[in-house]
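Chain lettering (A, B, C and D) follows the sequence in which the chains are written, and residue indices restart at 1 in each chain.
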């Protein structure tokens, strides 16, 4: 059985485990004040070209989202997201648990349109009863999105412009950021993201780490006492080194980018394979997740050999499913998958 | 200047003020344990034909909504509402502040369709990743809705059936309940509501009281220690008598129903006037709120004489506005309004 | 049966009911934007000598406490209170429900000592692990306290000095403020309170109103969009006029102060009566609440004629009970009470 | 420089890292549904002799505390803890952030007395105004306590008896549980804990793991949909295997107990060394943390060679400090520490 179910089916990149072993018995102070965290932060600052960035390592994506959103919103504000945003549907109400509303906008292949955001703001402030409503207080996007799609630099710039006009911090969820940056079909770099966003995170869990996301406030703009809020959310690891060593390794010798490129290359190969075989794509994804509309009959046969993700029912006999590659995907497994499909047309 | 801006532009029905004066110096125990509250509860139980109902008097609608919803949901659950539900748009995030998500369904002239609700439940439980999502935990509707529309008895029954199938308490916001019950165009009675819902409230603020809603758990089904939660929400009045006297008066000699009928009769007169003059209705409302699409030019002239509510922009030259009657509306003011409009066609 | 159980056993001062009747049918806009609220605010500003004060009328004390505290704290902060503070013991966890800790200090007859507060701050910032703890973020006191005691001007000044040194807003709960200001034994005026505090409220519920507290931010220092937070807490009355008319009446011709003095005069008479009869006082209270340690046997006999409050058990045969006067107390009832006690010694 | 600052200064026990490497590329499903978690749970059930236990692996102690407490309390309840409990002072308000009050009892060398708890319950239910107060809803203790002290079996039994009498779930924080179980001076076993408590956790972070605590509901009594709440708190790791592999290793061949015994043996050696040298102990600790009152002058000299924890100032010239051993402590480092102290007397 081979798995394309997701991008977190294996452990960590071997170099990370190696480094954990090497550093294991060096005594360090706790709570992220260790030397590995310090080194990792410096390397990330360099990669982002943000010498003043405030950086925090958090164990997972939902925790990062709820922490950042709560810390940046005022009590009377909510966070704007497209309906398909991870925070809106797949985090068990983690944002609402912080006391804030997720304010939905329609999505365009998973993305938010600057025009939709501007329209929301105009409608809000144009309504005389808006003080009785939740104030839009920040904007949440992800890159890649839930659908594996990517913002262009122009789209990001346009969103950023509306955000700054209305004083809305722009927050980018980069749980799969590596796969976005290494896409063959993107003009957005890490420094662009640092320039256009007010806070973002560099995902580790899905890009080679055992766990961990690096939350970056690019312009020394972390909310006051964010450290204490991390603790309050139960998100402060006593052994912060666990995250520090991982990100230090990922940002040494471009490992993060190299392993992301590997996943993209294999996703492109898989995509080409599906295309050649005449499969219907649910949408065009330039990253490591491919969404295919397949016949239920064929899926039944595939089930004996391959794990994939259910996405949604299309009709009585078809289902959209997701195949994901990752840093750990083996080319031979892609070959096996393709060999199990219909013949090329 | 006359006002049809809303149904809370005046104080209280004179009989209420009269009764407040008569009872003013009688010493009573506090926090709703006074004899007026006890008497009012008995009268409401009789009107609902629910001899075992648990009843709580709460100062306003948003407070009632947030209290009831928080008390009835488990931490992993959200409340289902149509997008136009008051809790979704006009309560400044009061529900999210309790930590729970408002889970939106499309509306049909402000109403929720049983089929939409059932579809949501099937999709939810059909998704293998639903444990990562907010569980739909109760259903919120209002009657009349935000658009002044009413559920039929069959619609209510159908919703109730789906709710019971999926173990979802059905909560009816009756901020304007009197106007719904006295509509010329309804087959839903107070006892129907008590039978089909698991909790509802009888609005006082908009139907003749200075303030106050009577929250009814019809089958002795109030959440445990609801009283303590009322206190915790800052919603427990030391002088509970203020609410007791008001509801005791409203439910003496059918006052609540009589004054509601008055509002409906004048709303019908107003509606007929608009119809005869060829005005475009935004939708058909059988209650005390009428939504008219008017020319901005005409509105500008009306502004000197009449207050109404902005509802939404229709196009560059038209706006939907709301005219509301209430227990306090004077027939002569309706006549004046009609005289200011276009001539009958 | 006569009642000294509390200071909210009756309705409202008759002048308030009179004014509610007079204004009842005047149409007003809702949500506190009516002319009565505006007038009441002006009168309160004048009484406080704070021409720029932001003022909000809230229906009760617990609501005011939770709203103000939540609005003024950052997520990583808590509110400092003496252990006997109302927010610490008698509000069913309303403050913790906002997500913030009540940080206890020992009390001195119900009061907080500036030295204790300064000690807490020094210990906190002196502890290297303080970023793992709740930051003291504001100070809550009440005047009169739960024990009916009063701060002297010097004590208030000292507290204010420590607060400003450590950037802690000072919040004074004035649920019984009138009785404190009219005490025969105080040097603290309303303008002192406005000068030394950053926010306080003037209690109406216990001083002649049906309900309502006037929250005063004396130097135009209300938190941003406090109105929206009032709505979010379910504390915004549609008919704001109910509170406006009451406070406008209370602050017309010094009514608030006159009726408070009445309660104090009768409390002093009662106190003298207890003293002459050799009763043991639990502590010295210069306001409208008197705390007496009585024999359980005598209380049993009193129970047939008089209502009072249980305070706490002293030993197997004695109990501390509270007798409260109010604006509504009749001198003849005080006489009756005294006639039921032991003879003067 | 050697460190006795805490018990989390190193990484993980080498066997854990070894096992992480061996399993690294085996594909597993996410979110704790992997085979390593399943195996670890079975081993923990066996160790606890609780075949029906519900077990969840959570990344840290504060997260475990806030999750368990929120999931087990009703909205009107708080959690009882001694003043020195970790949740009361050192978790940045994580419990209050869940909306619940920490209800303090005095401590006895860090422990809660059953008699104090029973007294609190009697006072609470004896107070006629208790519905206006937070209901004590569960009890939190830690074993070892913050002071390294241990409950005897009789003390635990007595607490459990009071808890069951008043329907209060008993929750034991076992962040350092291994060190408690392996103490030379305890009669409490893991099965005792499972028998007397309603929920507890077996600490990994401080006992050889990189991170992680195993939360055990011993009698299949996990709150409904606890998994979804873990997600909502942002505490669900995508790669649950990280925790599964660690606990599976710790509970293979008694590793957890063996490495805990190692720490205890060295703590006892250190303790004997301090005793022989005439040092004053702050209190008697039978576990891996030793609290010594030392002269500030001597500490200044020690600072060049040894890391320890500040506990509290005793007087102008003395400080209480903590020396902790762990699974990773080397005997030679204890020898070095002792050689740096005063000579034996």
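Just so it is clear, a residue touches a chain if its C-beta (ideal position, glycine included) is under 8 Å from a C-beta of that chain, and two chains touch if they have at least 3 such contacts.
Here the structure is a predicted model, which is why all the values come from computation and not from measurement.
Distance from the centre of subunit B peaks at D, each centre being the average of the chain's Cα atoms. The chain pair with the larger count of C-beta pairs in contact, out of A-B and A-D, is A-D. With centres set at the average Cα position, the gap from subunit A to subunit D is 34 Å. Chain centres here are Cα averages; for subunit A and subunit B they lie 42 Å apart. Contact with two or more other chains is made by residues 75-76, 91-93, 97, 99, 131-133, 228-229, 231-232, 236 of subunit D. Interface residues of subunit D facing subunit B in the complex, by the touch rule stated above, are 31, 70-71, 74-76, 99, 131-133, 135, 224-225, 227-229, 231-232, 236. In the complex of the two chains, the subunit C residues touching subunit D come out as 75-76, 78, 89-93, 96-97, 99-102, 104, 126-129, 131-134, 310, 313.
Listed in rising order, the residues of subunit B touching subunit C in the complex are 1-3, 5-6, 8-12, 14, 17, 20-21, 23-30, 59-67, 91-94, 97, 205-206, 210-211, 228-229, 231-239, 241-242, 307, 328.
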